[in-house]
Amino acid sequence: MYLYEYQAKKVVGEAGIPIPINRLALNPEEAKKAVEEINKPSAVKAQVRAGGRGKAGLIKLVETPQEAYSSAQEIFGKVHHGETVEKVLVEEKLDVAKELYVSVILDTYQAKPLVLISAEGGVDIEEVAAKNPEAIIKVPIDPLEKLVLEHRWLEAWGKAGLEGKVLTQAANITGKLLDLFYKIDAFTVEINPLVITKDGKVIAADSKVIVDDSSLYRHPELHDFKDLSTNPFEARAREIGVSYVPISDEGYIGIIAGGAGLSMATMDAVFEYGGVPAAFIDLGGGITEEGMAESLKLMLKTEGMKGIIINVFGGINNCEIMARGVERVYREGKPQIPIVVKMRGHSQDEGWAILQKLDIPIIKYGTTDEAIKLLLSKVENGKEGLQ
Amino acid sequence: MSIIINEDTRIIIQGITGKQGTYHAKKMLEYGVKIVAGITPGKGGTEVHGIPVYDTVREAASHHSIDFSIIMVPAPFVLGAAVEAIENKIPTVLILTEHVPVHDTMYIKNLAEKNGVRVIGPNTMGIIAPGKTKAGVMPVFLYGNGGKVAIVSRSGTLCHESASNLTFRGIGVSMVMGIGGDPIIGTSFVDALKLLKDDPETEAVVLIGEIGGSREEAAAEYLETVDFGKKVFAFIAGRYAPPGKKMGHAGAIIDKGVGTAAAKLEKLAKAGVTVAGSIEDLIQKVEDWYNAKYPGELKKFA
Amino acid sequence: MYLYEYQAKKVVGEAGIPIPINRLALNPEEAKKAVEEINKPSAVKAQVRAGGRGKAGLIKLVETPQEAYSSAQEIFGKVHHGETVEKVLVEEKLDVAKELYVSVILDTYQAKPLVLISAEGGVDIEEVAAKNPEAIIKVPIDPLEKLVLEHRWLEAWGKAGLEGKVLTQAANITGKLLDLFYKIDAFTVEINPLVITKDGKVIAADSKVIVDDSSLYRHPELHDFKDLSTNPFEARAREIGVSYVPISDEGYIGIIAGGAGLSMATMDAVFEYGGVPAAFIDLGGGITEEGMAESLKLMLKTEGMKGIIINVFGGINNCEIMARGVERVYREGKPQIPIVVKMRGHSQDEGWAILQKLDIPIIKYGTTDEAIKLLLSKVENGKEGLQ
Amino acid sequence: MSIIINEDTRIIIQGITGKQGTYHAKKMLEYGVKIVAGITPGKGGTEVHGIPVYDTVREAASHHSIDFSIIMVPAPFVLGAAVEAIENKIPTVLILTEHVPVHDTMYIKNLAEKNGVRVIGPNTMGIIAPGKTKAGVMPVFLYGNGGKVAIVSRSGTLCHESASNLTFRGIGVSMVMGIGGDPIIGTSFVDALKLLKDDPETEAVVLIGEIGGSREEAAAEYLETVDFGKKVFAFIAGRYAPPGKKMGHAGAIIDKGVGTAAAKLEKLAKAGVTVAGSIEDLIQKVEDWYNAKYPGELKKFA
């Protein structure tokens, strides 16, 4: 789960890390009030996930509450990479003396948290890593270690050239950031820039937080931040307990598959043989008859759909149950587009029997490629009849 | 003798009294798997299909020799079950469960390394040595009765896909292992390759990767540094994935150009691996190699 | 800090461990209301620290709210080992099937938490340890270990003979008790008895919690429980930053010393040479002139005081500063009882000079024994004149 | 050569810029102690009495060889300072601070043992090798210029008391160590006895204990199991303490008859230790032993 800026700031601030004074505003009037309260030159920042907000005119510096009102009026409702601006964060402008960088990321290869520290903040850290790798200090953490204390961060920031009160503040913030990383099951907690103000305070000016979705069951405090996708198909899939992944707006082939690997391989095959997939549904494990039926209905409803491939195995799932799910949809009305099923595994004979009664072509022994080629030929042949 | 498991491997199932545990215990027993015990706290003293159930691994270990544990408990309980198995020094611990919090896997992996325990998974379909034994949920009739090709895959269903097609074409598989689709996993491609290098039953290895992460790149680096001595094929799912899109697995994230299918395939090809553009292509390439090595032997199943 | 029963139960309950339904009552009316709310046969229990409440008639079983009122009326105001009953805990009576024991104590010798588990609960665990030591299962914990998980407790309780749902409940409670031990910096968290009810629930029927006073600065959640001693001398000493320890109600010698060891050795010497100490003040480290003056005044005010020994060193403290503190008291009026000072260490010459001007006898090079003998002879000689 | 410290010991002070740190650094310099550095986060680059101050132990260690660290930071910061010293493998870490949370000391002690670091304290006056060096807050003129008797005590002021009286009577002390008055301490009586057993400068040892705990009993058990070969005296403060009363230290709690002065004295006496009923008695018994061993040598100081 990728948190919005205002959510990430809330989490970072609650971890005891100093953040700029800010207010979330849902309309221009609130943005105006926010600057009145902050009583300082401020920034009005659109809350969208994609980068490049500055260039897109979605961050405005304002001096007065009235300016905040008019800037917010401009920003609200704008669409940025498919996302409509519905919230703005109004935030005090800091008097920046210097910009630092600090993050804790999950080093999945080493299976350890990795703390990254740099005196060169405010820019893309990957650029720093490419141009001047020794400007980044990497501190790997042993996840079995019970206590990781502040001297580690004093040492690292000392190496980065900090001293005096700025050093102790930065070290303290780093310790809190690691605690936060563990506490919220994060993939990434990043502060960039970590600002030293002209009066010597160290403040997390911007932060990025990504949390492990699998851990959300134990984080009721993050439930408000749950990514309620604006895509109704993704939302419906979540209710069913499967995942719906849109692929291309121009797509017309739907993929229902078991497992992310097979879903992607099926998507690849569709492209490979000249088709364009619209979306895939990954059924995951433990799919029920109803879940299968609802998944198929959802895919059928996807705009522009011309053919569906169901590419599943009876492994952790069961062929008979999945076939019954398909059957249930057919009972409510035979779909008007071609459907091809490739299915094998536990209870395959029972599953095949059900599908055969429905006149659905089944690839019993071939590869995914064969199934896709069959489907695409059916879509091609049926074009005139269906349009 | 196969790698990791064989006909003598004595297995316990942690979570045997759950729905999945009970179902797959039965499937494994039917395959002749030596399941010596099941573990469910609070259900000690009961039985599942005649398999004795204990409250703790320690108690089971006081009554049975244990080589291997399969963890099939719900995600919130995986940490506890895995740590228990590791503290009891069960040599191999396979975690089938999906949606395990990644921080939990991180802890498990580090603790296992400290204790000299092998972890496989989480989020894997398991491991099978066809005709000998299996520890997992794979439908065994798709895996035939043996062969000379090993498959190691991040995706369970792509194991089924490739193993079944190799079986149908009469080539067969020596062993198939799902290493799991999560960002952190216990046993990597490199770990598997190191074991397969010395496996007398395996003459070729199929690696099935996905976009995201750098495990395939690490495998390529490993293959460049050793004289592996066996044929290696590779397929990477997600070649056409839109950049930045999360593709089901948490591990399958393309992030700023790292972990793309193209990058992985290039590295693997450079390391001498035969790379395939699709499943069909993969199966065909293995078949071609097989026919060249053992002309006229193949009898297709279907 | 030794928590009252009702405080310990609150802490244990907040740790997620099941406790009996209970209400704290400050008067008989509240006790009556409590039983109305609990709506079950209950126990009315006086909240005092000393044991033997049952025998002293300070725990009453009641069936009705009216009985609760009259029982509470009997109990309130009673004095038990010097403590007046000002609160009662009203608590549902459990249907007990079996009593277990579990605690986490600080094994100071091994420097590790030690978890004690026994199927023989409800009695004094030291008795069990003496009569049937193998009935107690001891599980030492490595304080460096980050996670201690439930299978340890399943193993231990399994060894103790538990099974089924009772086993999993007891194991879960034990894990939470260890977490609590760490969380509140405890010396002891004990549940005795841990009750198995007739309907198979496991409930912490009684609990004892002792917290490390040195850790209280980081436990704002425990500040309400702070032991505000009813002894005004101890309370005043706490304000000054020293500790006042009453020794004997018949005592007439006051001891002001630096450090617990020297304070106790001085107390021993007073007894040894036939005197009876009333109290000692341990100045601790970093005593100021004012702290010294206030300490002496407090000791002078102690009832029955006939002579004071000041037995101090300039080590972490300073002789001159301590002497100035004494001087300050003398300036307000020369004390009417003999005072003897034994003082040496940092700035001893300056300190001695100040005391000599006040005509206070100083033991410069002798032992504590010499100082006590001198003081006791002065008290003996001055008896008539002072009384 | 003395035990633990001697004239060559290079010492750092963690918390040197605090009031106590600055004062006692001066006192130690006056005694000729080799203080090579001080540590205070955020004060790196400054000096205290000419001693360079660093932000971290690591930085200090990159400029100086360090044998010993004295921790004088406030109680809430002791855990961090001690863990820092231990992780930097400073061979001996002495914690002067009082009121350290006992769980912190527990962690420190276990981490130190894992890292092979000696911890002394917390809540101690320190250690002194009279005439050579000191690491602590003791007034040096009470400790003379050496002798043949070592003192090991839970109480700092009882160190001053017994050392000053032995000095005044011309006997002197070879080294004096406060082991600290807290429930958990780094170095125990037994640890000290093991070192003193092989110390050529020490011919007799004075143990000064207190009621509570079982460290004196452990010392008695140790002395019973080895041929210690040196005279041992003991005094236990708190013989007349009312049972169950907390006597200032958290460690000095009489709990249900365990750790009483009587029990400790009996065990020590049984182990061949000469036990004393008061300070005067203790000093007198040491003097008697000395006079018997070195007749006519004593010249009293006062």
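Which chain is which? They are A, B, C and D, in the order written, and residues in each are numbered from 1.
What we mean here is this: contacts are C-beta pairs under 8 Å (C-beta built on N, C-alpha and C of every residue); 3 or more make two chains touch, one makes a residue touch a chain.
Keep in mind that what you see is a predicted model, and the values were worked out from it rather than measured.
S.K.: According to the touch definition, list the chains common to the neighbour sets of subunit B and subunit C.
M.R.: Touching subunit B as well as subunit C, we find A.
S.K.: Of the pairs A-C and A-B, which shows more C-beta pairs in contact?
M.R.: A-B
S.K.: When the centre of a chain is set as the mean of its C-alpha atoms, what distance in Å lies between subunit A and subunit D?
M.R.: 58
S.K.: How many angstrom between the C-alpha centroids of subunit C and subunit A?
M.R.: Chain centres of subunit A and subunit C, defined by C-alpha means, are spaced 54 Å apart.
S.K.: Roughly how far is subunit A from subunit B, centre to centre by C-alpha average, rounded to an integer in Å?
M.R.: 27
S.K.: Would you mind listing the residues of subunit D that make contact with two or more other chains?
M.R.: Only 107 qualify.
S.K.: Specify, in ascending order, the residues of subunit C that touch 2 or more different other chains.
M.R.: Within subunit C, residues 143-144, 146 contact more than one other chain.
S.K.: Of all residues in subunit C, which touch subunit A in the complex?
M.R.: Touch list, subunit C to subunit A: 143-146.
S.K.: Can you list the residues on subunit B that touch subunit C in the complex?
M.R.: 41-45, 55-59, 79-80, 83-84, 87, 107
S.K.: Mind listing the subunit D positions that touch subunit C in their complex?
M.R.: Listed in rising order, the residues are 20, 27, 75-76, 96, 98-103, 105-107, 109-111, 114, 125, 137-139, 142, 153-158, 160-161, 164-165, 168, 181, 183-184, 208, 210-211, 213-215, 218, 235, 237-242, 245-252, 256, 277-281, 283, 301-302.
S.K.: Applying the document's contact rule, which stretches of subunit C touch subunit D when the two form their complex?
M.R.: So the residues of subunit C in touch with subunit D come to 106, 108-109, 111-113, 126, 142-144, 182, 185, 187, 212-215, 217-218, 243, 245, 247-248, 257-265, 267-269, 271-272, 282, 284-286, 312-316, 344-346, 348, 364-370.
S.K.: Using the touch definition up top, name the residues of subunit C that touch subunit B in the complex.
M.R.: That would be residues 146-147, 149-151, 154-155, 158, 163-165, 167-168, 171 of subunit C.
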